[in-house]
């Protein structure tokens, strides 16, 4: 029942390093039906030598591969593109070994997102292993770095929060519609964003029915957001960023509040967004009176954006929803691969959301 | 972004009558990516004249059709196959009008599942509008009625509970391994099985975190299960069937307990199931020590089966999981359509489960 | 098993008008164990003449009263204090009839919260039925209007969002620590805040797993928040208020961002809050590094407050958690009753949260 | 705000050994408001020397005690009654040390439930450390061993599944209404029953929305159920027991199917149950057509029982709901303490369920 059998043509051979975590298994869910791709190698340190269908029972009968311990030569021999779905620090070490072997690398960790090694050290508590690669890595938000991705050898898939925030804010900042000093961002995430590593706050009985803020004004995605916003307008931007965790699995909802430089009504702003994103296959600007819901994008690569203006306080409120494991991680990584490999960017990603 | 554009070839034109309910929207989710199908018409009484992307925001940008009030001539003009995703009683009336117009009809309601009009009246409180069509209708469980489906004009997609129970029990009954008088079935369903109609027990604050039994020994799927089990072995079978509702959305888990006629160990039984279902693309017999979980099939057309034997009491326990909206409704209906239209049965249904 | 039997002494006789909604049933849950109270009368229009233990199966065997249709004379005959747990508009009509009969009235609806009848009309779409009572009504946030409550005849229990926001903001505004023009409030609520009335967005399968913003910058609690903040500092305050709904039942988490007038560190602010609330039995100022979680207050009358400062942007972030049905509604109403009746304010409300 | 201060009178001094797990914290939630008890000592190996309000933030401000490492002399010095809320094996070692020091011990683990040391070894994989105490220990289901509890020094609080099953089955077996060879039990539990220890199947993203069977026909509560049923009728009883885990936190629902020895209608059976349990404060026999729901007992010590008869198959279906942490653990342990200490059995346990 492997759909890849149906197709002829030369397939792109891909490997997934770290197949047993949530972004790894989400890559597999999406790649299994990607018509231009053949999954050729999987690695997992915790499940080395286990068939993937034992590791991920949802894939039982769908993929006949066995996880191996990571060996860069072995991986590079079987793959044209390697996805790194391993924790930060591990990822940069793997990239350093893989790139000279001629493969393209798409890293889903944080290791190649921050351009400044000092900032990396400050937020991730380690020296960067490959500062020279930092310069080369392309920040894999295709809506803004598509051109650079076409020739990239190393892509850094953005964090989930930054994806939602940047797609929500870029049009306003680029058009100088809002005061960049006024940005207040509250974002809500489900538990899958924290990964599969056991931790008491992620224990079912603790999190179910719970709503809380965490890492208030000190989350690692804050410098990533600020870096990209600053690049966007060419000067330093600082934001107040408060992430929240609720008892759901998938989805990020970001609510961004900003002060308008000059009065604008919501219709003008919607027109701006619609025109800005008119050719983007995965960004949906919602009509008047409708706001994004995480469940309306669940399992899909969509980023939904809704807009409101509080004329009294002259503030705009931008609400953005993505599935953190798809547009916020694995789907975006595949979208980047499509660009890097010259495919139609939508290939394998035309998935309607799973609702209800 | 309509994937149907990519393909040439003559497409099967399909209409969905009742597009705004859960089985209707699930048909759309699956059919949008079905390579041999073109969705040509949608009806909805509650949302007549609304674009489907307003009715179902998850499909925003994916399907450019407007819901109409049901008009059989209009539907038949645009479709080769019509799915009826409307409540019982409404469905049989629609089928009576549609069939003479030359379309094939696949009914997801209960209207053509019970062969005996008297049983229908007893359980659904109405005279059957087309008893002669009852004789013609094929019970659309492809694993057992595939042959009959190839020539069917009218197919009755099985209920969600019966799908799980029948796939779990047929091998045991056919092979006379268990006593047909000993069947005790407890099944657990999520809320989507109850549909989109508002009702206090389905109000979020009431159901969240709740576990309960309902319609104990008097659920409408009981006579459907008994009819098919009786046909299976050629004599009357009665079961004790207790459905349960829990605070989840998708999934049915059926736990079936039966007394073995002669001692058998679990290995023998697994071999029986594996051989029985060896050519079935959607039935997965789980290995030793593994039991089905609804989340391992969510969003997919799989039916997972696990087995245990309590040697002390000489009972077998069969555990079955399906997604009630896919293998228990819309996926199965499409599987039936594939058979009826001579397509590869798996077309459009090779979906990995959405986990986590 | 009625605990009220154990006690002698003269009990306060209380009636609950609207016993079958969520705030009504929560009043019963709390009042059943209130040692100074006897529940003497219940009304419900939808369940008139039904025993309450049929209407609310959780109370089966705990309360032997039958719901009646609302009759002001009948209610006043049996009660010293009447809680109104009915929708707005209905509540003000009931208050008008009840007060002249000599009972004290505690209204949980919005009818007596807004002081200006014009603002009421603007936000609730109706003329106020008793503008003169508006002047008399005391806003029943005991932490700020305790003195006025001791002599009140009519109390207006605050909305759930306003309770969280006002308790979180008053110390900062009163002490002029933040710029009142800088207030951005994002709040997250569970579904019980929307009541028991059926509605598609509250249908289980729609809301489960969902996160969304709603009534962005136009929620009815916004003018209530602004009214009280303005009274607090003696001049007009406007806020940007974005409420969110997530798939949980109980709990509100409010995240308030404000710009500091002069630099302050979090320790100074915590000292301010601790001293401000030092005698308050239900406000808990969390220690350094800890932030509120809705589940840590579930079922209790606590209001938990956590603080952070983003020194770079000179903003303070205040996070507040309450159980919307307790401190945000019924618990607060009972706290107000305790004050109005000269009881220890904590009576009947010493409930540890239900965790996990 | 410690309610124990309000009362004079001599209090029973209680210690909780293992205060940081779910049954330990639930004991604290209930004991804090128990009017005849003073909590005097807490132990926790993982959180030794931490104030309990840091360990359990929900109790912040409610209990001013610090957890210590377990030292039997220290505990016995401060307590009349000791609750053991630690894992099996640890519990029996503690009991052996505590009993000679003159305290009463109530063990919430499995260590003193099974009378036969050989059965203990078979199911718990260890030799029993105190087989002589096994003979002395009273199985603390007050509805059946009340008399024995009045003089007990050592009580073994029943498992959560056994509590539900035994309360549901005893009347039928005692009255010889059903065939003891026909018992099929399917039970559904929330995650809190599995405790606070981290484990991948209890990781939020894995369990949320999931429904599964586990330990089919081999759960450790099966021999406990069989032991007590066998004692009940004086001969060996074997059951088929299939536990299920669903994505909720609190609650057990047990569905028991049994064959009637002679035909009986549901009315006769309800009369039997009502008369059997007429003096029991915590067992509620639901009226005709109503079935238990876990949420209708959540947070309370109630055990709700509903009944149905399938006359066609001559089977009775008994449905039972409890909160596994209350009637299935900590509430039941306190109920036992009340009996052992000569208090009104209901003291401290008159808690209405938390609904919704």
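Letters A, B, C and D mark the chains as written, and numbering starts fresh at 1 in each.
As a convention for this text, a contact is a pair of C-beta atoms (placed from the backbone, for glycine too) under 8 Å apart; a residue touches a chain by one contact, two chains touch by 3 or more.
Source: prediction; values computed, not measured.
Could you tell me which pair, A-C or C-D, is linked by more C-beta pairs in contact?
Here the pair linked by more C-beta pairs in contact is A-C.
Could you give the separation in Å between the centres of subunit A and subunit C, each centre being the mean of its C-alpha atoms?
39
Taking the mean of the C-alpha atoms as each chain's centre, how many Å separate subunit A from subunit D?
45
How big is the gap, in whole Å, between where the Cα atoms of subunit C centre and where those of subunit D centre?
Between these chains, centre-to-centre, one finds 35 Å.
Note the residues in subunit B that touch 2 or more other chains, in rising order.
22, 190, 192, 205-206, 208-209, 247-250, 293, 295, 298, 356
By the document's touch definition, which label belongs to this structure's chain graph: line, ring, star, complete, or other?
Topology of touching chains reads as complete, every chain touching all others.
Please output the residues of subunit A touching subunit D within their complex, sorted ascending.
22, 190-192, 196, 198-200, 202-209, 247-249
Please give the residue numbers of subunit C that touch subunit A in the complex, ascending.
It comes out as residues 181, 184, 186, 188, 190, 205-206, 208-214, 216-218, 238-240, 242, 244, 246-251, 253, 255, 257, 291-295, 298, 306, 308-310, 312-313, 315, 317, 319, 321, 356.
If we count contacts the way the header does, which residues on subunit A are in touch with subunit B in the complex?
It comes out as residues 1, 3, 22, 25, 28-29, 32-33, 54, 56-62, 192, 208-209, 249-250, 281, 284, 286, 290, 293, 295-300, 302, 304, 346, 350-356.
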